[in-house]
Amino acid sequence: MTTIRLLSDAEIDAIPLAREVFADIRAFRKSDVVNNFWRALANDPPQLQRIWLQVKTIMGTEGELSSLTRELIYIAVSIANGCTYCIHSHTAAARAKGMTDGQHAEMLAVVGLAAQTNAIVTGMQVPVDDMFDVSRQRP
Amino acid sequence: MTTIRLLSDAEIDAIPLAREVFADIRAFRKSDVVNNFWRALANDPPQLQRIWLQVKTIMGTEGELSSLTRELIYIAVSIANGCTYCIHSHTAAARAKGMTDGQHAEMLAVVGLAAQTNAIVTGMQVPVDDMFDVSRQRP
Amino acid sequence: MTTIRLLSDAEIDAIPLAREVFADIRAFRKSDVVNNFWRALANDPPQLQRIWLQVKTIMGTEGELSSLTRELIYIAVSIANGCTYCIHSHTAAARAKGMTDGQHAEMLAVVGLAAQTNAIVTGMQVPVDDMFDVSRQRP
Amino acid sequence: MTTIRLLSDAEIDAIPLAREVFADIRAFRKSDVVNNFWRALANDPPQLQRIWLQVKTIMGTEGELSSLTRELIYIAVSIANGCTYCIHSHTAAARAKGMTDGQHAEMLAVVGLAAQTNAIVTGMQVPVDDMFDVSRQRP
Amino acid sequence: MTTIRLLSDAEIDAIPLAREVFADIRAFRKSDVVNNFWRALANDPPQLQRIWLQVKTIMGTEGELSSLTRELIYIAVSIANGCTYCIHSHTAAARAKGMTDGQHAEMLAVVGLAAQTNAIVTGMQVPVDDMFDVSRQRP
Amino acid sequence: MTTIRLLSDAEIDAIPLAREVFADIRAFRKSDVVNNFWRALANDPPQLQRIWLQVKTIMGTEGELSSLTRELIYIAVSIANGCTYCIHSHTAAARAKGMTDGQHAEMLAVVGLAAQTNAIVTGMQVPVDDMFDVSRQRP
């Protein structure tokens, strides 16, 4: 059950801006399949375009972090926010980018440890040490 | 203001298990400084030991993910959970492990994008595509 | 699968306080249908009454914000908290109060942008500007 | 304490893309003051531009929801995500757009009630009623 | 810095409903001191009353859970939601109700473990076992 | 749909460390049934062991808090984090440890009230009272 309709290819084709974005998604990903997220977003074509341009730029281009590292960070945030859809789609994306079972397991272990220490630190209300001050570390 | 006292070196020295863990922290990190998190945790010495062993194993050993990648994932989770202390301490740790300004910026951009799409997907209640099913992807 | 039973109309009728609250829900909403939330809450009749009185007062009366604006805020919080049930029930309520597709789309865009900037600000630990201090703004 | 430096006007002026965005912020807002969020974001000029364009479009243009309603939704999400900076900056923005004390109080009451019912529904794991299915409601 | 003014005793006295609630808080708690939460809430007297009646009923009366157990649950939720004020005020309340250092430490350990396993389960998207179905467990 | 396979008893038996942990789980719980969480975790046997040892120690041993109180705290955190699996498994565990319907209802009421006041306090950005300072309360 969704709160918004998923648009079919025929419906997308009838909306010029959505059609253009979908064509770019297909060309960029070299695949005809467009997953449900984009079919839901297409109800708001300018928003569809804004989100796609960000995803393409932030996740899809060369950068200082590897493409796989960026996917792992994406999954970690999606877990912390409890987004089932995003966990599935980005775990699949990470596997497609070569994530091994071992890397997946390490990511999960780090996410779990961070959640644990986040909670304990917050419960104890530990003050930040002066030595972590960025203005002290970098001249 | 904390909800628990931060133990001084003299107090740590008087608790055998805490003293042992602190010695291991100092030896492992090759530094005499032990930050506030551990001084707060030391109020519960067995918990201090449990957390330290996990941090040492999960964050401090060789693995399939680089040590820096693990720190970036840690920061990402800490941001999503809003843990000020953890954000500062692990951003400092990532810098100590060589994180560049560009890598920091990319991580922040991914975290922001993930948070944005997490919220939008959740608001639209998009169903997970069958193609993301792990049992289909891996024979 | 629930952690608590949903009470039927017959069971509600057998609990005086629950029966009274259900009658008020039906009268106030001018509808015989009472949704699952209240049937679950009815396991604790005084809590059923406390929650209903709040919902009736905060969401159902005239106020300085329109009834639709209040529903949009409710949905936004429910998205941020990842409450599937609440997202569905309050999106339906907002539509019943006249929410257009365009308003729904704008709300989702604002929720997504807020989640994104929330995460980035938290990651950068930006200090609050003095100019936002309420004591400076209002004499 | 931040994890990133806040750039001064002189530093902004030395980065062409940042200078351009800051000029647009000042022109759009008809004010010379640019708050800390943008000075932190300016460490990553393309991200500064991406965020500003979204804020300008989603929050600053005419829409089907009033500008004030959008600010109230922004505050609600920021509260749910625990973003101190965002709560202060958008509460100030809402006041600048005419939010009354009564509207502020109503928003807070709705946010609190939503958080309460979100938690209770989640704890009871209430199944979504068929009647909330969007495909049933809209022909 | 707050987003709302904290009302002084003189201001409270000038608002009949607020004055009445403050008198009840003082009488119920057998203390003249009223902490900042209530001074902020007093900007919306009916909401002040609604929240106080809930706190008095849910936290302050005899129940099947001890008063201390209820405080521990309150702290646990406040940690998960990252509410600094609530963590401090309810940790103080728990101490006033007899919480020992050992009980505090155990609560923190449980909160940390729950946060850790919550994250890992969510990352693995583990399906709920049939054996946890409440309808199977209770005739 | 999971992001990781659930291992069968035959697969567990083929991994020495996993087999050993499963044997301990069965012995400790005096039951042959091992629920899905552990079958998913078994993909990373050292992590399986680390989590089991924590669960056994923190949840399964004598302590200053009753075993039931610890389960209630666990459920409360799982609700706040929106972990469906954990809510079901620990609600079942609490019932197995004697949780009454009345205790369940009180826990849910406290969790809801805490979530409500957490949100309102955060929205008002109430400063912590000096009187909650732990260093003042305890000599």
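A few comments on the model shown:
Per-chain numbering from 1; labels A, B, C, D, E and F assigned in written order.
What we mean here is this: a residue touches a chain if its C-beta (ideal position, glycine included) is under 8 Å from a C-beta of that chain, and two chains touch if they have at least 3 such contacts.
Values in this document were obtained by computation on a predicted structure and should not be read as measured data.
Under the touch definition stated at the top, subunit E and subunit F share these contacting partners: A, B, C, D.
Chain centre most remote from that of subunit A: E (centre = mean of CA atoms).
Centroids of subunit A and subunit E (each the mean of its C-alpha atoms) stand 34 Å apart. Distance between subunit B and subunit D, defined via averaged C-alpha coordinates, is recorded as 28 Å. One simple way to say how far apart two chains are is to compare their mean CA positions; for subunit C and subunit E this gives 20 Å. For subunit E, residues touching at least two other chains, in rising order: 1-4, 51, 54, 77, 79-84, 87-88, 91, 107-109, 111-120, 122-125, 128, 132-134. Put simply, subunit D touches subunit E in their complex at residues 82, 87-88, 91, 101, 104-105, 108-109, 112, 119. Those residues of subunit B whose C-beta lies close enough to touch subunit A in the complex are 1-4, 6, 33, 35-37, 40-41, 51, 54-55, 58-59, 63-65, 69-70, 72-74, 76-81, 83-86, 88-92, 95, 100, 102-103, 106-107, 109-111, 113-129, 131-134, 137-138. Residue ranges on subunit D touching subunit F, taken from their complex, read 75, 79-80, 82, 84, 87-88, 107-109, 111-120, 122-125.
Interface of subunit E with subunit C (complex): residues 1-5, 46, 50, 54, 57, 128, 132-135. Interface residues of subunit F, counted against subunit A in their complex, comprise 1, 3-4, 43-44, 47, 51, 77, 81-83.
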